[in-house]
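Before anything else, here is the set of structures, which you'll find just below.
Each of the next two complexes has chain A plus one more chain, namely chain B in the first and chain C in the second.
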Partner chain A sequence: MIAARGLSIRTGAGHAAVRSADLAIRPGERLGVVGESGSGKTLLALAMIGMVPEGLQVSGEIAVGGTVVAPGDEAAWQRLRAREVAMIFQEPMSALNPLARVGDTIAEPLMVHRGLTRSAARAQARELLEETGIPQPERRLDQYPHELSGGQRQRVLIALALACDPALLIADEPTTALDAAVALRITDLLVRLARERRMALLFISHDLAAVARTTEAMLVMYGGDIVERGATDRVLADPAHPYTKGLIAARPSLAQRGRRRLPTIPGTVPPLEALAEGCRFAGRCPVELPRCVHLRPAATATASGSAACHLLGAAP
Partner chain B sequence: MSYFLVRRGIGFVLTLIAVSVVVFAVMNVLPGDPSLTILGIDSTEEARAALRERLGLDEPVVSRYLAWTFGALRGEFGTSYAFDVPVAELIAERLPMTLSLAISGMALTVVLALVLGIAAAARHGGPGDWAIMLFSQLGIAVPAFWLSMLLVLLFAVHLRWLPPGGFPGWGDPLAAARALVLPTVALALVQSAVLARVTRSSVLEVMRLDFVRTARASGLPRARVLWRHVLPNALVPIVTIVGLQFAGLVTGTIVIENVFYLPGLGRLLFQSIANRDLVTVQALVMLFAAIVVTANFLVDIAYLLIDPRLRGARA
Partner chain C sequence: MTLLQVDSVSRRYRLPRRALMRPAPVLTAVDGVSFTLARGETLGVVGESGSGKSTLARLVMGFERPDAGRVLFDGQDNNDLPPAALRAARRRFQMVFQDPFGSLDPRRRVGWSVAEPLRALKGTEDPAPRVAEALEQVGLRAAHAGRYPHEFSGGQRQRIAIARAIITRPALLVADEAVSALDVSVQAQILNLLMDLQEELGLAILFISHDLAVVASTCDRLLVMQGGRVLEAGETGAVLDAPGHDYTRTLLAAARL
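Let's look at the complex of A and B:
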């Protein structure tokens, strides 16, 4: 079980990029995080592996397997990374050391954390590559990243992340840089691996279809707040928060093809310092109430989970 | 065999040919008749003409160039006008001096620069970074000959730890090494100041790249990430500057050898210019140029060893 409580991330100027977020991922659970660029979803993910960029202040509590880790305790995080929490990133093209053979890259954490010999680590790297379904895994070991395609590189990164058998794998937009067919195969691979290994998966994406395909539960983030959460299929079928509704309505579908313009959420995500103190969605919300700007709505139970919106709660 | 290496190899040969043409041309348009230098102004025109014929100076320029080039390829550079011994002999006596000075200077430069540059990058923005960059700024600002004099004053005159100059010969290796310490330091301090800055900025740049984040996410210790992932990727600009600096070091030895009174190629060059010993000057200039061009070719080979992306059939 990996959990965050009251997790906030502030910029040097004191603006909140993530506002007191709570989340918990049970072993084997696949949790999606959805939001636009700037919603704080990547920062939330980085905080779960202790890698929030320098200059940002993290507060709150993160517990990995029952022990609380201070957000800035680099030594503690170093012990947890790869073994408890691993992460794969958005850009497989640049996420691998271009000067190292793929086999050596995957073998390195095995040698450092598990104390395996070079040959044992290499044998294990081969098995990991095979598990990711990369064609000709034996041959890949001696190849360099530039000799592989984007999808193959993402598989290598997945093999690297799995090397030390982590309890949680964080995947930050792992398919954004890949073409659609490859992206589908990668998401399916993540689901299969999470099932087979009883590994939790935190799947960050702005792509609702990918989240629907990959996860059982989901969080919707806007402006650093978790605005809605619940079972993935139910949230998508019956969204409660106006932002989630807008997000779902803005999805292109084949049925609408050519008939009309795609519906969009008016406006863009404002910069952090311009976000309302109350509900972060205030200003773009189609059903805004006067109090929304000043008063942060509390999470309220909904049919599919919970959402933070004044329309759902009892009037104060 | 990689395409990259073939291309650079051809470039290497063409550069050497171009350099030899320029060196030969410059030396031959310079005013001054070697026969006059050798025989003196009291000599007769007949005697000078006979000497020019003996030296081959009366032949057409092209055949003289070809004779010189093919001679140089066999290691024959003609006979020194001033010393009346084969130029190759003069060079062979002094080359070990200059090469050991250049190589020890380069080695000290690289070690100092990597240590300081990496230390500064690892302490980016902190007082350590600030102190190292201040030191390197000073190093860049100070001319090598002036630094040499300060070093001699401090370590040879006041402290009497090291000899102020001169060379005892290779017979006594310890004494020879002691004689090389101050010249090596004088050469390396200035060069390493430049290289340390390059190292620092290259390391900082690589530290921002995605694969470094991947390495950190794999739970690798900071030091390991720095040495195994960041540094190899930061090497390409560092090696480029090392190649350029080697040229600076080789020419720097000319100044340093004169300051420390060391019998190397630099002193020979000075003496030959003073003596209007054009055959020797020509051979030395060609040799210095060849060393520099070779160093740059070695840099190209180093790129190949560092970066697998250049090893492909086409790059």
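Let's look at the complex of A and C:
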């Protein structure tokens, strides 16, 4: 199991970008993280692999398979990265070395971390590529990233991430740069890999449809707080937090035909320093109470999981 | 009343030669596409990258000439016009792009960028009142004209790009992935703005997107494109309820919650 407890991330100026987040993922579980830009979802993910950019202060603890790792313990993270936790990103081109053949890129961690010989690593790289469903895996080994399509590059990155058989795969917006049909095949692949390998998947996306078809449970983040969590289908069908409700309503839906005005969340996500100390959604919330600005709501049980909202805490 | 008539247009590009003695291969980006768009109507064009939807937008805007077929705007083929007349005609159709940061000059004040289409028309009137009016129409303030693009959020920058597009009081707006880079809550605001402007100004909109859900909730009719051709076309509801192609069904599956 991989878990974060009381994880907070602050900027150099002392503004909280993530506030005491708790999460746990078990083997084979697929957890989605939904949020708009500035929600802290990518920082949360980076903290789970010990890669928070320098200049930010991380506090709280992260436990990887029973061992507690201090956020700043770079030596410990180097041992855990690739073997325990691996990550794929939105833009597969910039994450691959353009001057290296795909086969060599995937073989490298196999030789470094698992001590395989060059030929054994190449054979393993071929198998990994085959597992990702890339057409003609043998031929891909000797190709360069620019010779591949966007979807094929993302499959190469997934093969690379799988190289050391990680317990947790973090995927940060892995389908955002891809066409719809390709994105569908990549999310199908991630679901299959999580099942077959009993690998935990942390799937970060702003695309509710991608999260819906990829994950079993989800977190909703706003302004650095986890505002709601629960089973994916139930949260989407019956959201409890005013932000989750607003987000789902604002999304254009296939059920609306022809021109129809969409319900909106007023305003925009404020900069970190302008967020309320209490509920982060205060100032944009349509059902705000006076205490929301200065008092942070605790998570309260809901039909689908839990949500942090004062309206849910105190029954009228 | 028909505003735009696109009549079996094709656009081919010559690709780099692969061998010295063989003819250069040709890519047919748009292949015999026809449609009409009436005043005040919204037509959605959906397809993935390489489907030809952006080339189609460039043909409609007169940025490129078709190799075959015609693009008629108010019955007039823009490709028959001399360059000066085409520039003048362009005030009637304007475009909004995906990345507002890339289409606004970072070193110029917003007011300068918004007034740009007016300068292209070489008018003599003072652009300031028109800039103020356009900024207010898109939900910004006249005073924002004095600021720089980096002072605005992504959604506000897209509003600025829309202000620049409507400043010439066009009859047609071509929106190429205009909301694709925006967060969901901001995307809804911009889509509503486009629908409001459409009602106020009687705009026709050619709405290009890869997201079928966005097209479903904003467009009267839609075209589904793949490989430069129109796979299917029709009233939005009819296409969504009874898609005629696997590709359309895939797009539906990708957009379903």
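Just so it is clear, the second predicted complex is superposed on the first by the 313 of 316 C-alpha atoms of A that agree within 3 Å, B and C clash if a C-alpha of one lies under 4 Å from a C-alpha of the other, contacts with A are read in each partner's own complex, and residues count from 1 in each chain.
As a convention for this text, a contact is a pair of C-beta atoms (placed from the backbone, for glycine too) under 8 Å apart; a residue touches a chain by one contact, two chains touch by 3 or more.
Note that the coordinates shown come from a computational prediction; the quantities given were computed from them, not determined experimentally.
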Could you tell me if A:Ser119 is touching chain B, chain C, both of them or neither one (first, second, both, neither)? neither
Output check: A:Phe89 vs chain B and chain C. Expected answer is one of first, second, both, neither. What do you get? first
Touching partner for A:Asn97 - first (chain B), second (chain C), both, neither: first
By the touch definition above, which chain A residues appear in both interfaces, chain B in one complex and chain C in the other? none
As the complex stands, chain C meets chain A at residues 42, 48-49, 153-156, 183-189, 191-192, 195, 198, 210-214, 216-220, 236-237, 240, 247, 250-257
Where on chain A does chain B make contact in their complex? 49, 51, 74, 78-83, 86-87, 89, 91, 94-100, 108-109, 112-113, 144, 146, 157, 160-161, 163-164
Taking the touch rule as given, give the residues of chain B at its contact with chain A in the complex, in rising order. 209-211, 213-222, 224, 228-229, 232-233, 306-309
Give every residue of chain A touching chain C within the complex, in rising order. 36-37, 179-184, 206, 208-209, 212-213, 236, 246-248, 250-254, 256-265, 268-269
